[in-house]
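So, here come the structures, one by one.
What follows is chain A paired twice: with chain B in the first complex and chain C in the second.
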Partner chain A sequence: MEIEVLEKDEKNMRLLIRGTNVPHVNALRRIIMTEVPCMAVDEIVMLENSSILQDEIVAHRLGLIPLKTDLDSYNLPEECPCKSEFGCNLCRVTLTLDVEAKEGTKTVYSDELKSENPEIAPVSGKIPLVKLAKEQKIRLEAYVRLGKGKNHAKWQPVSMCTYKYMPKIEISKNCDGCGKCVDICPRNVYAKTENKVEIRNLMACILCMDCVEACTQNPPPIEVSWEKDTFIFSLESSGALSPERILSEAIKILDKQLKEFESQIKVKKIEES
Partner chain B sequence: MIIPVRCFTCGKLIGDVWEEFATRVKAGEKASEILNSLGIKRYCCRRMLLSHVEIIDEVLRFYEEAEKRKEARNYY
Partner chain C sequence: MKVKALKKTANELKIEVEGVGHTLCNLLQKRLLEDAHVESAGYDVPHPLASNAIIYVRTKGRMKAEEVLQSAVEKIRETNKEFGKELQKVLKKA
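So, the complex of A and B:
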């Protein structure tokens, strides 16, 4: 297996993975979405809420805020040695919010959430939580826990994680260069140069086959197919973890699950013999 | 009522760009260009901002009016 980084910034990553198969990339995708833990508000204690949004709506909004996650210093609640339902300082972070609109209408933003640990804070400080009219008040305590995407989407570290086959397009010499395929392609894969059609951006192809259908010649000189062992893997983090951390964490989890599977097969074999 | 924190479909954070989007639309900029410059690519996230109406502002007006009336009563 060979991995090439096509694009990377603090939230997005695009990889070209060669020499692998669908079960493997799909396992990675599913683990990233359901098994890689990240932090989110899990429970809140509403002390005072005179805003026009109900407690439940405020709670739901708080839960959806992506939080910067520290995977090394916190445990999943079910794996924490404290074994308490309430949690200890190794598996829980407290956020507090205490705002009153003293002078006229006020929007409460996510940067007004005060965290016990400054490392665990909202990804963006500009998320509106509630709007308060004059003299309205909101006071609450929120408990942040690690969790997994399979339990609730708020614990998904990614907002997008997909893969597609590497496209393969061949244009034979019979092409008369009419340019119909250049106009119809939704992804601008082709370019026309001097009565010839050229491939400008192969990776953008989504294998829609519109170019083959639009071709006036019969049989069409364009052949669109894909490479069976090469994939373009894209990942967009919610901001909780860096994309490379998400991927390395997913690989660790896949390894652990495969080892467990292997040991269970061994147990089964011993039982049978 | 108030801008959702995340996109309903994909879960991308969109709440934090609403105010910039709304003020730039009011200033007469083209919505599609604003969305592109904010880095909102997918149509699921784009419709979150395009189709949103901040009704909470309309509701809050009742409270603002009540406040004004109270102040007026105190004045006379």
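So, the complex of A and C:
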């Protein structure tokens, strides 16, 4: 197996993975979407709300705010030793919001949420929550918990996680360089130079085969295929966790599940023999 | 994760696993079918909302079904660990 980092910053990561198969990258993708935990507002206590939005709508908007997550210091509520429904310092963070539009209309932004732990705060302070007219007020306490994407999309640490085959395009010498494929390609994979068509951006190809269909020659001199064991794996974090942390967490979770399954089938064997 | 044996003969095994979905089953099926001892392998997720799956393996007779199942799990774990190691190595460089 061989990995190459194509692109990486605080939120995005794109890897070229050689020597693996669809079930493996798909398992990682599924685990990232449904099993890697992150933090989100789970419950709120509305103390005062005179805005025009109902409590439920405000609660929903709060839930969908991505929060910076600390996986090492907090437990999932179901795995926390406190076993309490309300939670403890190890499985719950409290955010408070206390705003009033004193002079005219006011938009409340996510940076006005005060967290008891400054590490657990909205990823962006510029997410609008609600608009208040003069003298309207909102006062609430929000409880943040760790959770998994399979229970609610607000607990998904990624906004996007996909993989695709590494494209493989071959243009034979028979090409007359008409340039039809250059014009039709939605991802600008090709470029025309004099009487020839060249591949400019191979990785952008989405294997749509429009270029093959648009070709006037028969048989078409372009052959589009893909490398069976090579994938481009992209993931875009919501900001809750770093992309490399998300992926390594997914690898850990997959190993944990496999280990558990392994021990379960071993137990089964002992029982029967 | 609870495993219940539904059917068991000399070279067949059908188990029901609680708390497992396509993620693990698809990986398992792929690995099982790569094994030369396996005649047939498949899985079914009876209901998309209930997270339990039925896994079926039949070997050609030389090996027991649970043995091939176990070796498949081991192989997957190895690949996954290799992937993790490779990733750490590449990320350190980047």
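Just so we're on the same page, the second predicted complex is superposed on the first by the 270 of 273 C-alpha atoms of A that agree within 3 Å, B and C clash if a C-alpha of one lies under 4 Å from a C-alpha of the other, contacts with A are read in each partner's own complex, and residues count from 1 in each chain.
Going forward, contacts are C-beta pairs under 8 Å (C-beta built on N, C-alpha and C of every residue); 3 or more make two chains touch, one makes a residue touch a chain.
Being a predicted model, the structure only gives us computed values, none of them experimental.
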When chain B and chain C are modelled together on chain A, clash or fit: fit
Chain A as apex of chain B and chain C, Cα-centre angle in degrees (nearest 10): 150
Contacts of A:248 with chain B and chain C, given as first, second, both or neither: second
First (chain B), second (chain C), both or neither touched by A:191: neither
Which of chain B and chain C A:80 touches, first, second, both or neither: neither
Which superposed partner A:31 touches (first chain B, second chain C, both, neither): second
Chain B versus chain C as contact partner of A:160, first or second or both or neither: first
Which of chain B and chain C A:46 touches, first, second, both or neither: neither
Residue contacts with chain A in the superposition, chain B compared against chain C: C
Nearest-approach distance, in Å, of chain C Cα atoms to those of chain B in the combined model: 21
Interface residues, chain C side, partner chain A - complex: 1-3, 5, 8, 15, 17, 20-24, 26-27, 29-31, 66, 69-70, 73-74, 76-77, 79-84, 86-88, 90-91, 94
Partner chain A, residues of chain B touching it in the complex: 1-7, 10-13, 15-19, 42, 56-57, 59-60, 63-64, 67
Complex contacts: residues of chain A adjacent to chain C: 1-5, 8, 15, 17, 20-24, 26-27, 30-31, 34, 244, 247-248, 251-252, 254-255, 257-262, 264-269, 272
Of all residues in chain A, those that touch chain B in their complex: 52-53, 57, 61, 64-66, 104-105, 110, 123-128, 130-131, 133-136, 153, 156, 159-160, 236, 238-239
